[in-house]
Each structure stands twice: as C-alpha cells, then as structure tokens.
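Presented below is the structure to which this report refers.
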C-alpha cells in the first residue's frame, strides 16, 4: 500500500467518480482532475468515447467559439462533469471563491467566482476537489456564496455537487438533507483526524472504510499512459510525479 | 433628358436619398439599390468611407458571423440604410411580404417577411423601393403587416421608413401624421397618373416637380465606374443596362 | 462518426423537428431524396432563417407537417411552387417568423436559456400569429418598454452541407457561423460534405477557426457536390438553370412528381 | 485605420468603460504602459470574463475606478497583488460577476437587446451584490421559474491583441471568438497586432473564417510581441518567469512602482 503515492489514490478516486461520463471539463491548472479524466478515458475506451476539455489547453480543446463555449455547452447539457475548488467550502456544499471577511472589502481576496455561479447549477456531476483539508477551508458557513450547494425546488438546477474529495478523505453529498457523508478516509487518516480538520458537521458510518488504492492494472495504466498524456499539458506536475515515483523505488 | 434611362434616374434618386450614410445594406437581388449605394460611395469617396454590404455576395461581404450578423449589426446601430420592397405597401407605410387574402390560407403566397419585422424598426433610413406602381401594390391597407410603418411612442424604434421610390415617383414619409407626401414625379408621369395608380391617399404640393435627372458628371460616373462595379455582382442587370445604353445611341 | 446518406436517414424519424439552413449557407440537398425515399412524414421544418428547394421538395413529397420560416423561395428561380400550393390548400401549417427571431430562438437554445428578447416585431401580424412569442414590459426599464421574448428552439435534428470534414467528425463551416448555433441547439446534427480530409482540422489555428467541433456532430457522410443544385460558398455556384427547370416543373403536383422520378434516374449530378 | 500606440491612447478618455480580454485570448499588454503614461483616470474596466496583469498594472498605476469581472489573478504566478490590495483598501470598486454573465451582457449588446436571461445565479452572493441584475419569473413558464436578466454591457472601448491584421483593418482573431462580441458591443475597438499583412484577409474563405471585420475596428497598431509577458495562441507562450517577477515585485506599491520604472527603461521585450 505504501508503494502507491497519495496523488495516485486521489486520481484513481476521481476516475471512479467519473464513471459513466461522456464529457469532462477541467480548469486550466487542474492536473489531478485532468489525470483522473484521462484515466477514466483509458479505462473506458473500448466502451465509449470520453471527451476531456482542458480550459486554455490547445491539445485538449474541442472549442472554437471562444471562452463562452464552455458555458454554452454546459447549458446545452453537453458537459457531464466538472471540478470546483474553493477558498472555503461549507457543510451545505456552498463554495466561496471570492474572499474572507465582509464583502466587498474582504480581508483576504481570492481571484473571484469564475464560472462557478453558473456551472454549479447546470453540470450534473460537480466534484468538489480541494487538497487542503483544514478548518479554515472546510468551514461551517462560507463568508461569500460564489455558488450554493443546493437550491429551492423551483430553481432550474439540473446540476450540482455529488462529492467532495480532499487530501484526507472522500465525502458524498446528499442534497435532500442537504449535507455531506464521509465515505472513506485516505491512508493515514481516521474519522477523528478528519473531524478535527473539518469545520462543519457531516454524517458517517460507525466504521469508515479506507479509500481504496488502484489495483495493479490501473496503477500500471496510470504510471504509463496517463502520466505520459498528462505530461503534454502539465509538465511540471508530471516531473514531480516521476521524481516521487523514483523516490519510492518503484519502476515508473 | 430623353438621353437618360429611367433606371438611371432611379439610381440617382437612391444615391440622393443615401446622402450622409456610412453603411448601406442591400438584399441579394437588388441591383438598383446596390447601384445607388455604389454611386453614393463614388460621390463621397473624398469625404468619407461608405460601406456597402450586399447579402449573399462574396465581394461585398464584410460579415464573418453568419446570416445573423446583418441583424446584429443593425441592432448595434451600424447599418444606416436598408431597402425594403413589398408585395403590398399601404398609405401608412405598412409592408406586406406574406400574401394576399386571409392569413394563413392566403390566395397568393409570397416568400415571407424575411428580416423586415426587425430591420424596419432599427435601421434609421429605410427606403421603400418597388418599381411596380399599381393599385394592387400601393393599397389602402395591407392584408398582412410584415412590418408596420410607424409605432406607438413607447415602442423602441430608432428606425423606420423615410421614402417610397417607385417606377412613377418619389414620396417622403411623415411619421407624425403618419402618411406619404409625393415629392416628385418621374418623366412621363403626373400627379394625376400617380393618383390613379395609387390605392392610398397622399399629400402633395399644388405643383409637383419632376424627379431630377443626374447631371453630366454624375451620369458619367454612373455609366463608367458604377456600371463596372455593378457588373461583378449583377452581370445580367449590367448587360441589360449596357444594351439599353447602346439603343439610346449614347456612348457608354 | 462517419456514415453514409442512408445511414444518416435511418436515424431520422417521422414527426421530428428538423433545422435546415438558408440556400447560400450549405443546404444538404444530398439528403433530400433519401429522406423522401425513407417515407418520413409529419416533419416540422425550421428554416434558418429561410428555406428554398429542399423545403419545397420535402413539402411536395408529402413529408412535412409544418414549416417555421422567415421566407421560402427559390430566389432567382421565383416562388417555391409546392410550398406555396400547400399553404394555399392548408395542407401544411406555416409558422411565419422573421430572420433574427429564428436566430434568437437557436441562440437561446445554444445558451441553455429559456428565451431571448428581440426588438422590433411589435405591431406586426407576424407577432400576432405567434402565440408562442410573448410580449413583456422590459423589467430593466423604468418606462413602458414592450419587448418580445422568443422561446428557445430545440430541433431534434440539424442537417447541412459543408466543404469538408475530418475523420474525427470536425466540420469546416468557415464564416457560415449560423450553422454552429443550429448544431449547438439540435440534439443530433448530420452533415454531408464534399470531401473527407486527412488529419485533424482542429490541430491548426487557421483551419480550426472555421470548425464546428465533432462534439456537436452526430454523423458525417461524404456527398460530393452535395449542395447541388444549390452552390457552396468558395466551392461552386448555384445551378440556376436547374433551379428554374425545377420551378417550372413543380408548378403542378404532377410536374413535381415527374421531375422527381426523372431526376431519380439521372442519379448524382456531374 | 492604421495607427500607433500613442495614436490609439490619444483617443481614450478618463472615465471610459473599457473591455479587456482574458489572459489567454490576446491581451494588448502593449497598450498598458501608454495608457498609464497618458494619465488616464477613473477607468471602469470590464474583464471578458476575467482579468490579469493588465488589470493589475492599471489598478497599481491608479488609473482604475471599478473592475467588473469574474476573477482577477496572475494564473500560475498567483494572485493579482495590486488588485487585491485595492479591493482590501476599498480604493477601487469591484463588481463581481460570473463568466457567462459577462458574455451574456456583451451578447445582449451585440444583438441590440436590452438584456439576456441567464440560468444559475439564484441564491449566490454574486447576484445579491448586483443591483443591476434583475430576477423575474420566466414569463414563458406556467410554473414558478425564477431567472436572472443580465443587462447589455456597452463598453466605450474594447482593446485586445491579435496575431495579424490587414491594411483595411480586418483583424484575424481565429477561434478566440469572444473578441468579436467585445468589438460588436463596444463603441470603439482598438487592436494591436504582431504584424500587418498585405492583401485582404476577407478575400479568402479560409482566413476570412477567423476575421473580425474592419467594420468593427476603429484603429489597428502594429506591436510585435504585444501580448508579452502573456502569450498569444498559436504564436508564443506566456513568459511565466516575468509574470512571477512582477508578482513578487508588486506585493507592495513601492515594489510595483520600482518594477514599472525599471521595465520602462528596458523598453520592448526581446
């Protein structure tokens, strides 16, 4: 088990969450979601075509109508999955990409909401992905709602969050409550360590399983084809990964 | 005077109506409006650039965003003048491009309203141009309003009709009445002959002047440069014109 | 992705709403006869924004239930004889529009929006006959300001003809950008092309600029000169003589039927 | 039509609303310093749909009154230091948007429409802080269906950088189509290009497909590598080291001032 890198478990988990999708879009600086989508594509290639759009990439760009096309195609229902991070994420899956403190003169200003206030509503599978899992990120209530985790029934909302994946564990989201359920803890974490790191309450089984590592075949695919593909768009991330593999003394 | 062709008087009149415009759009099969715009462009070339967009033409196409771009640019206020015909035109400048009789099962069906129901509202100078001047075209009331000649004050309407040019005469349009005023009669026509051919009432001075013919310099420009330019897009019309010039025994 | 004319038509069903382009933008005339031969019925055509020969033939062959359009004509060859006859007889429903309203409906669908507002139209009989169009008072204005809302148009199928596609299904539409909203708005898009090219049209910025990506294309079939007797921008001109021959023949239903069976024997154009 | 950087900046005025593109679409960095040197003040920037170095520099130089944007950052080089500081100090007004809302506002202007409806947004603090955005109940629905109306955005000026233009003022924007609505919506559009080419870009269907026509272009200036340190699609990559150098320097106003006067001496990039 210690022969698998933490990021490989994250990427494999992302690929599992993407089961059944046809078209995934990821942000420009999102190597792990991209890797997860590439793994999904490699696993599914005999059954279906999985498209991967990486914003700002030339190689992984299916768009020819400018930066509005991502939003248009999401509105058309042509994007099945998307990833959102967040400076703050709260227990109702609200996401804050704007800042900490009283808006507009926030104490800490982040870039802004980007397309979240739209995509979170229309993309069926939105995966919240943030490696940093601390009480300052996983808060009880966000200071600014860039995009809300759930909406009243009269609001047009074919999309929304399905999961929250962090450096410590994987949660599913139940929009009927609404709230998160801890599904698994990553190696080295426990229910207690996650509760301590999380500013919001969440549900969990009495005994929470560990996040599964990839099987040997998947791991091989990941370290060969996916890593090679990833290198084209994210050379620095791929180099890092290769270095860590070398340190593991595992043949890459 | 008889050394000037009727169409040359029409084209010159169109050019006069286009004084001051920067961008004229004409339909695909509108050689005379196109010729009028080309004459305007030639006359003004030292003072300003007059753009001419001919729908469906490659040579005179400034557009790269498909067939919606004409309407978009008109909505942006970038088209100063446009021409409309009409199977029926009435005394309030209503235009019918759909058919005669009870809609929808009309007795005579014409192609349809095209973009008139929009462009008539937003293009500042719409020139109604129809050579056939008979009671069946110039009616008291159109059977179907493809586009209305005037609108209530609360309706957004920066554009509308400024003139009606026919094979018999030139009318101006007064939107405050609303109604037409006969400004001039073409050679061979009179107030009486026009009244007889017109199904709607119109205002007129006691003595209606004759539509002026082009001066010698303008006529020269028309028969050289404009005719040459027109030939690229409307070869059949240009050939006709040259034949008639030859028949006039006027050196073309 | 790659298919043929029969393969494409086998994916169409009677009762579908089908979007077709204006005569100069690339009409897939190559699909017209296979659609007729497949016995499609009750089609609801949406002309983007006007129709011509393809519409007239489909109407003449009895395939059509309704036509939403800003106009139908054969251009230089005159009025559309079978369409005009059907309107007079009341055998098809004509839903008169105006060009920018058709574009607005497709762009609303492109944007996943329920409607687009459109200026103009107030006081026309076009509006008066469109119960699906709604006039509201502009909520952003502090004065009375009526504006028309055009609902999104969601065709089941869009069909058109283009100069080329690659084997991935990327289609080069050049500056005929109205073809893109048709495809964005439609559930399925079928394209015929003069030629299939090697390589990837998206790989190069110059060709990529004019591409409708495969993401929106359900199937492509090669059909050389597939717009004939219409022309194709940058490729070949319309065959006006043929359009006139059709126009003369189709003045009667018998003449139309004779034209269709005669030209069926001729096969593809030279 | 053809001009130079100073000629273009001389046509801008303090208090204007200026639209600028996203960092990867062609930012006219070449115009940034001339705008600062011209002493422009109280600019209202509209980022289409996000901003970066150009916005941060204009803010740092005191040219800006407000920024309407979906985000401002230096991408890989981190947060936008002068923008973030100005937001915290309250010395500029930030008007937070979301990407498709900026596009919707420009496309409304493109279409001459007063607004465009946009899904999403309901329940966000983005919406709560936009008194200019209005929620209505969709008039075309028979159920309760709230939808947001985004008013048209009419910039006084749009500026961007592109690979090439011809002497007629036609600008090749390739597949960066968001540049077109910026120009359609703006009263004036100023473009810098890496090179001016002979001939007419509209004369050929292949190049024409990627052209913003001269009709929408007020002036063009040649500025080789004019997007630097940003990259230009299909031409050159971003100079991330330079962006990082800026990001480090501009953490303080003094550092920003020093960077600007130092790089002013350097002149144009290699």
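Chains here go by letter, A, B, C and D, matching the order in which they are written, and residues are numbered from 1 within each.
Just so we're on the same page, a contact is a pair of C-beta atoms (placed from the backbone, for glycine too) under 8 Å apart; a residue touches a chain by one contact, two chains touch by 3 or more.
Just so it is clear, the structure is predicted and the values come from calculations on it, not from any experiment.
Each step here moves to a touching chain, and the least such steps from chain A to chain B number 2. Shared contact partners of chain B and chain D, listed by label: C. Set against the C-alpha centre of chain A, every other chain centre is closer than that of B. When the C-beta contacts at B-C and at A-C are tallied, the pair with the greater total is B-C. Chain centres here are Cα averages; for chain A and chain D they lie 29 Å apart. The centroid of the Cα atoms in chain A and the matching centroid in chain C are 41 Å apart.
Note on chain placement: the centre of chain C and the centre of chain D lie 36 Å apart, centres being C-alpha means. Residue numbers of chain D whose C-beta contacts span two or more other chains: 100, 107, 111-113, 118-119, 145, 147, 175, 180, 208-211, 233-234. Residue positions of chain A touching 2 or more other chains, listed in rising order: 63-65, 71-72, 75, 122. Pairwise, the chains that touch each other are A-C, A-D, B-C, B-D, C-D. Within the complex, the chain D residues that touch chain B are 109-113, 180, 184-185, 202, 208-216.
Taken in their complex, chain A has these residues touching chain C: 23, 51, 61-65, 71-78, 122. The touching residues of chain C, when paired with chain D in their complex, are 100, 104, 107, 111-119, 134, 136, 138-141, 145, 147, 149, 151, 172-175, 205-211, 233-234. Those residues of chain C that touch chain B in the complex are listed here as 22, 24-25, 48-50, 69-73, 75-76, 79-80, 83-84, 87-90, 93-94, 96-101, 103, 107, 118-127, 129, 143-147, 175-181, 233-234. Of all residues in chain A, only 28-29, 56, 58, 63-69, 71-72, 75, 97-99, 103-107, 109-122, 144-148, 151-152, 154-156 touch chain D in the complex they form.
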